[in-house]
Amino acid sequence: MNSRNRITILLLQAAPYLLFLAILLVFGSLSDRFLSLANFTNIVIQAAPVAILAIGMTFVLLTAEIDLSVGAVMYLTGCILGLYLGGVPWPIGLMVVLVASALLGAVNGALVAYLGITSFIATLGTLFIGRGIAMSVSNTASVYFPEAITSLNRATVFGIPSAIVAVAVVFVIAWVLLQQTPFGRQVYAVGQDRDAATKAGLPARRIVFFCFVISGALAGMAGFVSSTQIGAITASYGLQAEFSAIAAAVLGGTSLFGGRGGVKGALFGALLIQTAANGLVIINANPYIYPLVTAGIIFIAVAVDGLRSHMLERLERRFIRPWEIA
Amino acid sequence: MLVSEAVSRRAEREAGRSRWKAAARFILSEYLVLALCVLYTLVMIPFVPEIATVEVWQNILSDMMPLLIVCLGQTIVLIIAGIDLSVTAIISLASVVGASIMTQSDGYLSGPLAAPAAMAAMLLVGAGIGLLNGLSITRLNMPAFMVTLATTNFFGGSAIWYTTFHSTTTSIYDLPDMFISIGDRDIAGIPIAVVIAVAAALIVHGVLAYTILGRWLYAVGKNPRTAYVSGVPVRTTILSAFILSGMLAALASIVYTARLQTGTPILGERILLDVIGAVVIGGTSLFGGKGKVIWTVFGVLFLVLIDTTLKLLGASLFVIYVIKGSVILAAALLDTLRTRYLGVR
Amino acid sequence: MNTTRRQFTIGALMAAAAGTTPMLVQAQSGKTIAVLFDGLYSEFWVAGMQIIKDEMKKRGYAVLEGISDKDDSKQFEQVRAMIARKVDGIIIVQTDSKAVIPAIRAANRANIPMVHFNRPPAESDAYSVAVVADNQTIAREAVLHSCRTAKQAGGKFKAAILIGNLGDPNAIQRRDGFQEAVSQFSDTIEVVARIPTEWNSDKAFAGLTNALQANPDINFLFTSSDFLIPQITQALKSANKWAPIGDPKHVIFTGFDGFPTAYELMEQKYMDACGVQNLFFETKLAIDAIIQMQEGKKPEKVLLDPGFAITQANMMEKREEMWGYTLLKQKKSG
Amino acid sequence: MKTNQRADQPLLSVEGITKSFFGVRVLHGVSFELWPGEALGLVGENGSGKSTSMNILGGVHQPDGGRMSLAGQLYAPQSPREAGRAGIAFIHQELNLFPNLSIEENLFITDFPKRGGVPFIDRGWVRKRARELLAEVDLDLPPTRLVGNLAQGERQLVEIAKALHADAKVLILDEPTTSLTRREVERLFAIVNRLKSRGVGIIFISHALEDVMHVCERVTVLRDGAVVGTDLRERLNVPAIISMMVGRSIDAIFPERSTKPREEVALRVRGLTQRGVANDVSFDIRAGEVVGLSGLMGSGRSELARLIFGLDPIESGTIEVAGTRLMRPTPKASMAAGLAFLTEDRRNEGLLMDASIVDNIGLTFLKRFRVGPGFVGGKALNTTAGELARMVHLSTDRVQDTLAKHLSGGNQQKVVIAKWLLRRPKVFILDEPTRGIDVGAKQEVYRIINRLVEEGGAVFLISSEIEEVMGLSDRILTINKGEITGSFERSGFDREAILAAAMAPVGPKREATA
């Protein structure tokens, strides 16, 4: 029974990858253009902003919190970039965006970690405040980006498109931060059991605070990358971005209850969603079913995760006749 | 009922010691939001004299009604420590499904039965989605947030798709008069929409305060383990909460649709903030076990009042967003302090 | 103890904040007009709103504005609030042509004139005046010019269209105008991609990028609105198809609306033709209609802006009528 | 003996420690010494003061009187962290590890070594040090393995390795062997011996007396908050220790019961089995009878109760309540058949802490107050709740507006009892009904139990206080490792025999322990 359980868990763990494989097979058999390098490059480029957002969201989710304000941060920092930083070289523009978005993240972090407001409500509030301010500075009109920024979209580094480079850099930094620094490992500890972490002497509040800062900064980064792609932003920019990011992170195995998951999963989740969306276009599917397919994929992934944690819980139970279990 | 009474009791014990204790009691009481509404209205009179007119209050009342109905459902779900993001999709889908049945240009049904049948179908849509949410949560061990996020995307998308089969544009028009009258007729001087909302509020209040189900809902929200050990059918209770929330969202959809005389698939898309905001402003906790219909009524009133005055002033959308966001934050902060204040002693 | 004081302060601050902000927008006595848009998502709307506001103020009106953010229910509430406020007229841009009808009825009952700016409502017994561009004709004329260009160039053309929100009659009419034009040239032009944008720039960008991936040989493009130009530019550049007229890589490109960016692209020879709505004329029609209605007159239910197509051929003589060019000129001079 | 050729001063000495909780004195001057390189067994019945003594050592509580010194220095820790820094490592039964992190990360979570100036974890060093530590505890696992994937025994060794990393001088092991397999126990002993040879002092708290005799040089026996004796292992044997633990029964006063058990069987359990939890458990309880279940920590007492009440799934076996067989036991079905269950976890399973007394009492049987379609007759409920509150002698009569969390432990327990009495249960399973409540409240609980039985109810009483079980029961069953190991009629109650039965070895044949 025990080994059967382990196999079931392994299967459930592999479910998202099987899903990905299924998507590849289905679309690949329906269109010969789908399984091409050019198309995959295209998918990664299009997935870049959501992937970066999802990586940031992962930090927050790992601490068992949630950040609904990332779309607003994208919009607000995009407005700042387009309206006030038109003339500056792009690296300075990027720096300003990152600093501004990190500050917005810090506001969320302070509200949640130090004032004790539930993150759902705190970031819902800042979501609307942020959008409101962005609308006021842009007067809700389109904000155009100068050529210096939009040309970045076509720039390459050693032949690799800039958006892919951006995702790669963010991914590596985030991965190193989570896996190779004390802070990263403590994020996992805090997310697993905040009381135990506090008892062990970890600065739980500060860790949660910094996760929001990171989520904010990466929202700014995601906004910057998508600005280079679409060239101009409107008042609907970034709407529902938080849900895409959460969906991507959860699809990649990050738990809403903290302590489990990672940035690899976030990248995978974003790619999975974008691959499905891209496949639907390639096979010229009815555009109305796009949201249905995406929602269906998310639902399946979450259901699988629910079953898996249920089984793990049962295995975690302590036994008084251990020899019967081992 | 429980918390507030305990608070006032505690405050009683300490009363008379100093004046601020009385103030604290008031701030912690459930009438704070109502008092803020009154205060706000008084402050606004010099700027928007219309706020003192009957017509504006009729508008406020009528604008409150559909929102209140959705919020009633959300209150129930928050009491069991859940959350229902799918209400927006339910409003949209129910709207187009109902309209497609009763529209007089090529609807499924015609004649006097069309409107009642359509409304029944709308409620069924709400109950069905609620059931799906509830089953996913209780049987598949999925978190409410993710379940309802997925279903809201799925059924929101379905609503738009569904409309394409029934209309060349994005909405369905030509609804029977009988249905439209819900939006613009009165019964004895009281708009039908108000009658429906008040009835819904009274029923939900009745369920929460006087029924077995009501007690189960609070018990599950306070501590599902204890509830389970005490023989409470926890799964059924959670399921009921989501079905009720779905049906109330569908009921709100009836009122919204009748008011616009049009079934549209983006009807509820933008109201999630208002729904969650109003309930939280009222004082219902996201952690479950706490919540009352009257709180939600006050929360909705406060939100609509702010909205209306800003509208009357011609304030731009961004000001409205910023103010609403701040009010929600302030309410959450107040609630945190309230809990901390209670927790400390 | 401190906590409680803080709680009180929060309450007081909330009331105070809510109380003081609106002072800035307090209107003076006299005639008032409400301008209710569903959003200011493109320069067309921003410019339209600005022109109407300026013009009405010039005529001594106080202007109240309201944005519904594409929420018809909210817009209905806004209309009722304006009626309660006893405004003297409402200029409205709705999202859904049918859902606005109860609002018209409410305005009728209160005897307040209502004019639809640029988007017509659906047919009904309620009375209001709609100022609309002749979208279908304008789109057809502009696309026809591009079709002829294609025919002259010779060879086969693969066409893509970016369609607007299907609930917006304007979007439908522009799509139909495009269809009418290309069907006359069915031997030369084949439509391979119909991209729904829902008037959303992200969706437009993703849709066009994917369409170019699926059909790399697309070389004829129509957008139902110029506000998508930045996204189109980006997508074409990424696909290595951004080239001026004369270059073999050039995609024959037709715009609609007459944005400043559209004029610039025409000048730089990236755009072949553009259907232009006469924004100045439309705002004038709307304001005149409101004033007439206040005087008790009953203008026609639909007031048409014939618009025109600006092309590479007639660009120099027509540009003065193009609002985008005027705005550009103003910006450059001041 | 090694312990006789000792260093010139003890590693740890505890002198006359006293401690009271809420005016009840639980430690009456506990004294013992621990020498470097020795293992001291600390044994005693539940409630004898072991945990309190260790919590004081570990800095969880501060003593009221007495003094402690560590390596000659005065030792008075104010917090567990302080105790840890001073070199005392306390390994609780509930391990304090993060299952989502690897072994090495758990070892270094609070003080990761960084590489030079950069803020990266020096993985190489961590790996090396982790390997060393794991080798010291004889754990042959890659340091990168997730703790969540380890068996219970392996996790315990990780905790010990963590203590070694902190350079602990004294290691307190609280019931370390209860959840381990025999092989894991052997390994633990080997490590304990190795630590001893390095001069670490070990305090070994356990009910498993054989284990204590196997690994400890000396044994200290506690009873009623005081040390009854400390002696070398060679001069002791298991029966002797048991008789020291038991002593003579003192002052517990249990009210007399006027009735005798009836003939009809109220609860019949046959062949109840759930892998890892219980094995072939069969017994009967008659109406009007109190059956006590006695077992040590980790013997599966509470688990058995949970199986019977339907809180955990069962693989095989049958449960009958008053002749009706429970087909698929769930709390609801069990309750409908006439079972009631007072949980040992009052806070998390017994009460709605944020709800009023009425709401708590009514919860088990709201249908009894049903009026019309699903309404609750509030007045009737309030009246009945008030009556029940008086019946259990609750301290307050304001049942509608007093929240459960504002009551004392004893009164909280009375509310839990009242809520089950509302159902007039045929069989009442009481799991630790007097845990954490004062003497007066205990008397009340005993009185209620008697009254229930006199009215024909059956009681299944689970308690870690053997006094209590003996004072109240008509019959006592002993349990160990999920198996029933003995049955005693009231006339044959004998503390030593009962304790011996509760310690009887079960399970796969144990290897001979020299």
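Every chain is named by a letter (A, B, C and D) in the order it is written, and numbering of its residues begins at 1.
To be clear about the criterion, a contact is a pair of C-beta atoms (placed from the backbone, for glycine too) under 8 Å apart; a residue touches a chain by one contact, two chains touch by 3 or more.
Note that the structure is predicted; figures quoted are calculated from it, not measured.
Undergrad: By mean C-alpha position, what chain is farthest away from chain A?
TA: Most distant chain from chain A: D.
Undergrad: With contacts counted as defined, which of the two, B-C or A-C, has more C-beta pairs across the interface?
TA: Greater number of contacting C-beta pairs: B-C.
Undergrad: Just how far, in Å, is the C-alpha centre of chain C from the one of chain B?
TA: For chain B versus chain C, the centre distance works out to 34 Å.
Undergrad: Whole-Å distance, chain A centre to chain C centre, using C-alpha means?
TA: Between these chains, centre-to-centre, one finds 34 Å.
Undergrad: Measuring centre to centre with CA averages, how many angstrom lie between chain A and chain B?
TA: About 30 Å, centre to centre.
Undergrad: Quick one: chain A and chain D, Cα centre-to-centre, how many Å?
TA: Distance between chain centres: 44 Å.
Undergrad: Mark out which residues of chain B touch at least two other chains, giving numbers and ranges.
TA: 164, 316-317, 319, 326, 333, 340
Undergrad: Send over the residues of chain C in touch with two or more other chains.
TA: Each of 67, 69 in chain C touches at least two other chains.
Undergrad: Touching at least two other chains at once: which residues of chain A meet that condition?
TA: 140
Undergrad: Hey, which chains are touching each other here?
TA: Here the touching chain pairs work out to A-B, A-C, A-D, B-C, B-D.
Undergrad: Which of the residues in chain D come into contact with chain A in the complex?
TA: So the residues of chain D in touch with chain A come to 80-81, 96, 98-101, 105, 109-110, 112, 114, 119-121, 123, 148, 151-153, 178-182, 184, 275-279, 298-300, 303, 481-482, 507-508.
Undergrad: Can you check the complex and tell me which residues of chain B touch chain A?
TA: By the definition above, chain B touches chain A via 83, 136, 140-143, 145-147, 149-151, 153-154, 156-158, 160-161, 164, 273, 276-277, 280, 286-287, 316-322, 324-326, 328-329, 332-333, 336, 340.
Undergrad: Quick check: in the complex, which residue numbers of chain A touch chain C?
TA: Going through chain A, the ones touching chain C are 31, 33, 38-39, 42, 45-46, 139-142, 144-145, 150, 153-154, 226, 229-237, 277-278, 281-282, 284, 287.
Undergrad: For chain A, which residues count as touching chain D in their complex?
TA: Residue list for chain A touching chain D: 1, 176, 180-183, 185-186, 188-189, 191-193, 196-197, 199-202, 259-260, 312, 316, 318-326.
Undergrad: Give the list of chain A residues in touch with chain B in this complex.
TA: Listed in rising order, the residues are 66, 111, 115-118, 120-122, 124-136, 140, 243, 246-247, 250, 256-257, 286, 288-292, 294-296, 298-299, 302-303, 305-307, 309-310.
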